[in-house]
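Below is one structure, written out as structure tokens; comments come after it.
To keep things simple, chains are lettered A, B and C as they appear, and every chain counts its residues starting from 1.
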Amino acid sequence: MLSREENELLCRVGPGTPMGELMRQYWVPGALSSELPHPDCDPLRVKLLGEELIAFRDTDGQVGLIQNHCPHRGASLFYGRNEEAGLRCVYHGWKFDVAGNCVDMPNEPAESDFRTKVKATAYPVRERGGILWMYLGPRTGEDLPPLPDLEGNMQPDEQTGISIFQRECNWMQALEGDIDTAHVGFLHQGAIKAESAPEGSWARYALRDRAPRYKVIDTEGGVTYGTYRPAEPGSTYWRVAHFLFPFYTMVAAGVLGLKVAVRAWVPIDDEHCFGLSMSKLGTQRRLNQSPNRNLADAPLLPNGADWYGRYRFRANAANDYEIDRDKQRSGASYSGIPSVSLEDHAVTESMGPIYDRTNERLGTSDTMIIRTRRRLIGAAVALRDRGTLPPGVAQPEVYRLRSGGVVLPSDADWTEVTRPLQQAFVDHPGLSLDVLGGVPAV
Amino acid sequence: MLSREENELLCRVGPGTPMGELMRQYWVPGALSSELPHPDCDPLRVKLLGEELIAFRDTDGQVGLIQNHCPHRGASLFYGRNEEAGLRCVYHGWKFDVAGNCVDMPNEPAESDFRTKVKATAYPVRERGGILWMYLGPRTGEDLPPLPDLEGNMQPDEQTGISIFQRECNWMQALEGDIDTAHVGFLHQGAIKAESAPEGSWARYALRDRAPRYKVIDTEGGVTYGTYRPAEPGSTYWRVAHFLFPFYTMVAAGVLGLKVAVRAWVPIDDEHCFGLSMSKLGTQRRLNQSPNRNLADAPLLPNGADWYGRYRFRANAANDYEIDRDKQRSGASYSGIPSVSLEDHAVTESMGPIYDRTNERLGTSDTMIIRTRRRLIGAAVALRDRGTLPPGVAQPEVYRLRSGGVVLPSDADWTEVTRPLQQAFVDHPGLSLDVLGGVPAV
Amino acid sequence: MLSREENELLCRVGPGTPMGELMRQYWVPGALSSELPHPDCDPLRVKLLGEELIAFRDTDGQVGLIQNHCPHRGASLFYGRNEEAGLRCVYHGWKFDVAGNCVDMPNEPAESDFRTKVKATAYPVRERGGILWMYLGPRTGEDLPPLPDLEGNMQPDEQTGISIFQRECNWMQALEGDIDTAHVGFLHQGAIKAESAPEGSWARYALRDRAPRYKVIDTEGGVTYGTYRPAEPGSTYWRVAHFLFPFYTMVAAGVLGLKVAVRAWVPIDDEHCFGLSMSKLGTQRRLNQSPNRNLADAPLLPNGADWYGRYRFRANAANDYEIDRDKQRSGASYSGIPSVSLEDHAVTESMGPIYDRTNERLGTSDTMIIRTRRRLIGAAVALRDRGTLPPGVAQPEVYRLRSGGVVLPSDADWTEVTRPLQQAFVDHPGLSLDVLGGVPAV
């Protein structure tokens, strides 16, 4: 439960808000490389942290991200011509390069130097692992922070899996669903009987005990939790997962040490976000094996012509997420909603555009959520009041993490024993997906 | 004409508003039994007095009405599973019974007693005559008020007629149309010549004189009016009708003593309401004879997936209420709008979402409306300032009324003579619908 | 660049705003005669300067313009019956003539004189050249100002060309596009090579030099500019155009002295306007030759049932103005947007509903825009603070102007030499459209 003021501080990310300023300290994965497929291709609308921007790939393949409204008289640069190393406004022909410099101003007399006085707001963009990383903050040039060392974003193209979808709600309530391992046993697997998973499989342990205990610890880059349940006599099934500043999750599904995956919950604005997963193919079961496609597990609508027109699920609030009440009733599905992503979609959107946390009732399974909120609010306040650089901005190495499950002797110290398995960029050839055991591994 | 402040007080019904608090003293007919057709059926979205609620029928057939957002972390209980005597949130499996008790909390450790500390807001529901009566007020248990003795709601199923439709405007301007007998001669019958009705029929009297005189008197449960016009020499045609607290009308159409019908104008929120008629079949002419169906006299749209998705007419503002200007011009129809309900629909919605009463010009035919507003405002203020229980809350018998027309000797005292005919639950075998005389009896 | 306060003052036109009061001093061309095609035809919704009004043509052919909400109880008079010299509300039969007098009140007793105390707000309407001129200001009767002597509106029917289309943005940013001759060489002709126009044609001069110089001078009725470029050695190609109070433009395309055309940018409200062109057929090249039709150069949507339902382009923001990126890329079209009107439509709407002028960067080509804003703001403030009658209200003759291009000796004084050609209602038989030279004459 938060006060109204805390909730506002946690959720709002526009320019000048404390959380918005915190996010502007980081590189933001704002779009896919595949959305700007080749030099001089069509420009792209990108709304990020409440700012309306136009991304374009120039003749050299460089990606620019500039203000939507032409600095001259405000026509949208979306309608601009992407030509010869710059985006040209069709209204009067002003042309801007990826750095926001006005490189041509053909409606002014030749002798005018007005061109050199005009600059469009332009944000740095870097490209890695199929993602366009965007920096909307105060630093420039040499002073820009490093990209985070996220293993899922640092694979060769053919091993990279990406999924992306939009959600019509605040980023934080979407994120909270990801660090809430308890919901899996209900929303996604509530209709599955423990007996349906093989004896000795992790799935069996998880389905047998749907109220796991939580351990939550602060880390340099965020918060880590381990949930634990009995496995076989004398052993315990642990699920280890992370929140990483400012909006990343590494969820507990899969095999710790094997799985390489991270999700960003990127705010479009206060009431829209997108979930963007970056993973190494073959290291978890749910994603299929097609490289570099959108692996979202439900049909998307065609792109539309506005700031919220990309990556929308066909199933949405207007059609009750295509719920099938007969399947819900018969137990063929716990929710009746046709996929795991849509189930998450439905519950988090149904909380409202910005969830009111002044009335909730949090239980022990929400320990991780409580701690994560505190870290975020604390860091935003520390930045606002004391200029404290938030966690991870200058430490790319704190993102070198993996998450997932493991079975340990019941008397083991989980933080000690799992530490090597949590390390990214390490091979553990003995690990196998087989232990999961026949149930959808969410 | 009202001041802006009076108009706000009259119209707004959300939690904490004076008129909203007044309405919360009463049972509200909030949905139909047929919308929750059997035990463990799909839950139903019900927005009432500005509150978003979920209704469900449990395994025993009991109907619950609880808050939309799960008390835990706010997922909509609309997507919940209606199972084994409770509605279970699909997010984490919390389950609530019709009283709002959390009867299962499977994501918490077995030893936790957190479950007993959580309660969902739940409102009492009673079921009678095909209607789900809902109480959103402060009383509980033994202290709940009685249901009103509304005869139209107290018939055997096979004799009960129900019509329901939504209106996109404030409840009060919808209600005002019902206590405004003068509009019938124009909006609904303006194109009908007096000569088309048989000599000696009441229709003939009404069509011959479209500017009736009004008598308006306060009653225990609301306001009653009688309008009168000449009938045959020495006799007078009276039409007697009622407003009953907080939002009921019994209109003047039909035969006094015979007709059994009442309409509730139930606020969904300040800018939406629904009209819900409850009647005894065969006692008036307009309604057809199918029991327990929606008798609305115009096609409805399919239900939609939001808080305003039920009982919407296909003809609406977006299509100009399917007006046929040729019929309007030719006189085949006065308005050109294809049914009586749609005519009312069009004019009341066209007044705006909340009609601005600071600029109106009321005439003698508006006497009943003026008095009704005063009673409502007075009762809301008396409740707010002095805690005065509003009319009828504790007196179910004040609702035992009938309305309709009657021909009296011109020197009769109408209040005295019609009193026995206004009494509900009484047989008058001599009365007949035939006197109305061949014209649509609105 | 304007301050926020100046921008608000410039753009907002509702009742009581300074610019709204300025506009209410003038006759406003609010609808087409053809929208009320014959006596007693269907009434018409007209939203003008933020006021919702109903226009109707009475039995004598007179046009009335009255308040939307019936003065009685607020039903929309749009649903009214247009019959026997008045518009009758279908709710209770109140009937109003074109002057707003209540001429029948059939629901009141015959002896009542209430009718004489009720008056609907009604605005004077005059009809000329296919246009319904409406006056929403404070003057009445003999004191009404004259209509402006706009030549394009004073032609015989068969020589009158009208085009009209709605734009979903503030009127002023639409108008600014019209007095911005520099954009033509980019938005509309950016893909056209100078060599494609014949040697010696004006088109050749314009395409050869897309950064013309500006001369801007205040006039009695507004602002006039001349832009100039080299023509042949020793001669200069001038384009002369006008802004006229409060919202008229005469653009620079065509032949000065020959072309008869004016456009009004009429505010529907602060975020919607329509462009209404009135011209003499045959005096410019772009318009085709059908008299008295809507000559808009792109497909329109069917009329819809609301205050913004008329004259909407099918190509709009929701479909990115039907942009063809392949044509844009190949140079078949500079913008890829399929017509001149749609190009203007796209860029001005993309500036936002009300363009924020606090961040723009104006160049030398914006001199005319800067001066026009100053004149408008100055006149609105002078009216508000000192009651000064704005330009042209009492001087219909200041509208007797023409605009267009001309080639002059390079040492000529353009204001002197073009003065006779700028005069309306004068024949210059020697002038010809042929000088323009083979390129779309925008």
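The criterion applied here is as follows: contacts are C-beta pairs under 8 Å (C-beta built on N, C-alpha and C of every residue); 3 or more make two chains touch, one makes a residue touch a chain.
Every value quoted in this text rests on a predicted model; they were computed, and no experiment measured them.
The two copies, subunit A and subunit B, are related by a rotation of 120°, based on C-alpha atoms and rounded to the nearest 5.
Counting the residue numbers that touch the partner chain, subunit A and subunit C have less than half of them in common. Mean C-alpha positions place subunit A and subunit C at a centre distance of 49 Å. Residues of subunit A in contact with at least two other chains: none.
Of all residues in subunit C, those touching subunit B in their complex are 40, 42, 69, 71-76, 78-79, 81, 90-93, 105-110, 112, 114, 117-118, 304-306. Across the complex, subunit A meets subunit B through its residues 173, 176, 182-183, 185-187, 190, 210-211, 213, 317-321, 323, 325, 328-329, 334-335, 337, 343, 346-348, 350-352, 355-356, 359-366.
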